[in-house]
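Below are the structure tokens for one structure; questions will follow.
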């Protein structure tokens, strides 16, 4: 994610990074080249070329449909982006709630409390790495027993292995009589949600927009942009090139943004800062465990951003 | 579902499979043929044919409405597609949660634990086959007692039979004292959700877009496309044929995609990979049961994709 | 609901039933008649009539707004239709969940089990008849004691009476010690949801689109369609009549579909098949009770569709 | 709320009440007057006035944006209207569920049962009056002890006072041993929801559309409508007045409907019938209490509409 | 938030504060200046300048896309605004529910009751200050022990520290036998929700619209507005300046509103009145505690607005 001040236009209006310029450069360039060819043909062989020229009526009729499709595309991609953000927000929330419960209800068994706190942190790291097709538990691995870390990252599904560990820890506390089954239910409710959010993220990553839809939109965009110079050249003359540039840049840009934000869990400029989220969870949980130990000992660090 | 790389246009821009070209070929061809007839009449019998020609104003006025209706159609079909995907994602999540609970809370009764794990897997297979109007439990049938499998697939509603079996198993564990009623509640909550998701999928499959809506849109599309050459021919001449082709291809294509993705549980190219989902559930559950047995024995297989 | 195959256009493109043709015939006919009068006046009294003719600019400006309003109308009506479908789907789901629990937890008291199953079926029938302003419990009435049926259908609010009966039965089982209060909670959660869905359906039926909105849209549509011939006649000549027919048919048709599907609980062609839903619930519940008795006795009937 | 038959146009097409005609009369009249002045100037001082006339291109470009903004406004106002309706529907549902539980679980303590039933009724009345900035408990006040009524309506927040009373009653029943804490939980879940719905209604009433948005839309509408005659007069002549009337009526009407339905809890023609909702709750609850006493004694009154 | 009467146009049509006029003044002024230069060039050097002029077709084609993008922007910003409002509304609701439970269930331990009430108030203040990057507990700090306040505001994450305190208090009451674990669950459910809402607010504040999207929209807007005079000047003459002013004002205004309301937790004119919300919570909770003491002692203050 690129941090920027939305109130100041000048700070980012000409940024290249993250603004999709590079990604669409090829397509737009081909379009502009083609419009140059068309314009030259228009002036060089006016008689012969007239037969290829269109009035703009067709593009007006098509323009409404193409515009609506593009915005629908942007809309559904943004919904996925925002749903992904919500899922990670909820991961943070439920990890905090687990920490809150852990701090309070498992005071009588500091050892289980400590391990549960670490595995809760590990869950978010395992989720992040799984969404990026890697096998790791991140920095938290150094605080866990090497055997367990090894078992976790060599499991078929690491985050589910971690969730299993957490469930076992809570169940252990229950069997040892530290909590009753109702209090076990408080923990279980939160762990169920963590598994749901993990699954939600996997869903977004593994299900792109329907193939038929993406392909159809792209074909229509191609046809629209490549017939555009033929429709404009009669009225616009040499300006055709500029007009085609602007319209192609606008439309290909919107399409590309749709592609860019539909899977927000990668490492591109416009993706979500998953590492930061994991670190927030880790420090929130760590504070709970330390707060437990010395509730009134002040910490003068900076505010953690969620 | 067709896997594709949305960042590379060239990899799929000319694919035939899954891109609805074959489905709409007939309609578009008839449209183009008709526009050829119109254009020929326009040049052959200019005097007589003039009486049939329209200005394009009518199509401009109609175009906004048709475009909006098409996008509304795409929108609501996509919502169904995405809701179907969410339901299956949730099926995976709750099956995992059942496995997680099963692994931890029923350790004292490995036999019930094993059977519950298998029936949980069977639930997703039963749901998939029911959505495709078949009677089967898929590969899991080989691991269950043949009598039970027979009873399940000859039941009026196989997935509900499976859900009934799961409920009975948990209740058995409760009566035998392995879990208390609060812990039974953890299981029951998940099974309730599984039944909800099953019902959600049946709802999507059995309720197409309202008849009146589909028919009206198609009639308006037909009239729009077939009157189009009459509106364009005066300005476009022979180009009328190309313009009609492009516009008819665009519009019929969007309509067809709406139909294609509104029931995402079939076996078409753009449908959801239900078999993969069922297999994910099966392997997640199997890992829990085996993890239970040898928690630290590493598995070096590939990452399972949700 | 009219069953149709959305993949085959020819099967329904010319259907009259369910396609709103009859409903809008009057309005469209008046419009066409008026456009004939306008066109005749245009040719008969060209001098005098010129003063009444408009350019089409006004309709272009208005057309965007009218189109957007129409689609917003369709959209919100479809949302109501789909919400109604979801509510009935959830009614089916929770009735199944009640059946599932009933089968498993009340095995020790077959009499209460049987009565609860019947009253659960009765709830959906009572809801359906209430939504249609009738007093009945449908076919399930024959299986219940006549006195109870009489009390139910003469209650101020029959479905709530049924819900009360169900609550009493579960409470009776609790007081008799067949279930503890936690298990009572499983049942109560489902009954709470049934009451919520009932209320949701009543809400949709009793709250049409806001009056001001419906009236304003209709007035604007009237003015739009009736001034249309005056705007077109100069350019379109006799074609004005055809153009007015097409545009009026399109617009009045969309408006009428909005009205048709905004209350989906009636008995019109485009309404939901509530009887089928009730029968699905009844047979699902019956199977649970019989499955209870002979779990392995196969039933070779057809698959029940949800 | 104005009851009307959406299937019959003629029954309401010319209604004045509830159709926003009076509210926008002023604005539209000023617009029409101004367009008359413009048209007269156009004919009287053609040379001098030409300098003030616009082509219509600007309005075409602006028209799309204005139309979209208007529909977005309508859309978000309708969402608020519908959310308000849902909240009250849920208030009815949860009041019924409380009545259902009350009837069944508190049979052993008729006195608490009766008082809880009355306070549940009182909650909806208190909510309604609070939403209208009044202090009252409505007709239910006559059935409650005067001291309690006085305390309730003089509280800082009457509905919360009522909710507190309900909580105390249930807690009293728990302490007296009529229900255990799990059953107390059934009641508490419903009361939590009632408080949530109350807060939801207050949110809708106290938060209008963002100021910047409302003002910007209105300014743009003003500029659009007042420059319209200058853009039309050259092509439309005297018809300018009619065209301005129609377009101004359409646009100001949509804007006004948005304002009208964004706070649906007042006493305007298009607001929700809150009194009816409260009365439905009261009679539903009363029937539960009486059903309790004489379950088979038939009541032959009319069906209560939710 | 600016309070205003949406039914009276004149009361705010010319307000400067809160209407984004100042924010967009710069951009609009530059646009108008540029259009003046263009117009002067058009009249001064007609021959030479003709080569730079466009027909308006390009802007018509682009206008649909730009309009849709702007409305999509407004839409998603408004969704964030409204979600933020909902989150704070829910914060109020759950604080009230905690107060309600606290009043009733912890009557036997007035000391814990009092402290829980104060910390519940403190939670909303801590949340507000965190959203504004400050460290404070607001006015409630005066009623809490200075040491605890110091610990809270020097914690890494003050609101989570407060939530931890609340959890500990409830757990203390449980261990002391004032409530059982089921009743502890009622409290815990509410505290879980409070943490969720806090996280939701942080999510909205820390995640602006995707960078690529904001930048692309702004670039397209810039190009659109700066090429506009070239497209209009031939038809509009000196009116070009007015037309550019109106269109630029409309479009930049919509974009700016989107930016303004996408983070509604600041102290701008269009932001939410968070202090008022916190004060509502505080007074609601205070009344519960005092109502507890003297349930019938009337309070004659004004109605608190939520």
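Going by the order they are written in, the chains are A, B, C, D and E; count residues from 1 in each one.
Everything that follows uses one rule, which is that a residue touches a chain if its C-beta (ideal position, glycine included) is under 8 Å from a C-beta of that chain, and two chains touch if they have at least 3 such contacts.
Source: prediction; values computed, not measured.
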Seminar exercise, completed: Note: chain E sits from chain C at a C-alpha centroid distance in Å of 37
For this session: List the centre-to-centre spacing of chain B and chain C in whole Å, with centres computed as mean CA coordinates.
Result: 23
Exercise. What positions in chain E touch 2 or more of the other chains?
Worked result: 60, 64, 66, 68, 182, 185
Exercise. What pattern do the touching chains form: line, ring, star, complete or other?
Worked result: ring
For this session: Starting from chain C and stepping next to chain D, give every chain of the ring in the order they occur.
Result: C, D, E, A, B
For this session: Please name which positions on chain A make contact with chain B in the complex.
Result: 23, 27, 51, 54-55, 57-58, 60-62, 64-66, 68-69, 72, 76, 130, 133, 135, 147-148, 150-151, 154-157, 160-161, 163-164, 167-168, 170-171, 181-182, 184-185, 188, 191-192, 195-196, 198-200, 202-203, 206-216, 218-220, 222-223, 227, 259, 262
For this session: Sort out for me which residues of chain D touch chain C in the complex.
Result: 1-2, 4, 6-7, 9, 12-13, 15, 18-20, 56, 59-60, 63-64, 66-68, 70-71, 74-75, 78, 81-82, 85-86, 89-90, 92-93, 96-97, 100-101, 103-105, 180, 182-183, 185-186, 189-190, 232, 235-236, 238-239, 243, 246-247, 249-251, 253-254, 257, 260-261, 269-270, 272, 283-284, 287-288, 291, 295-301, 303-306
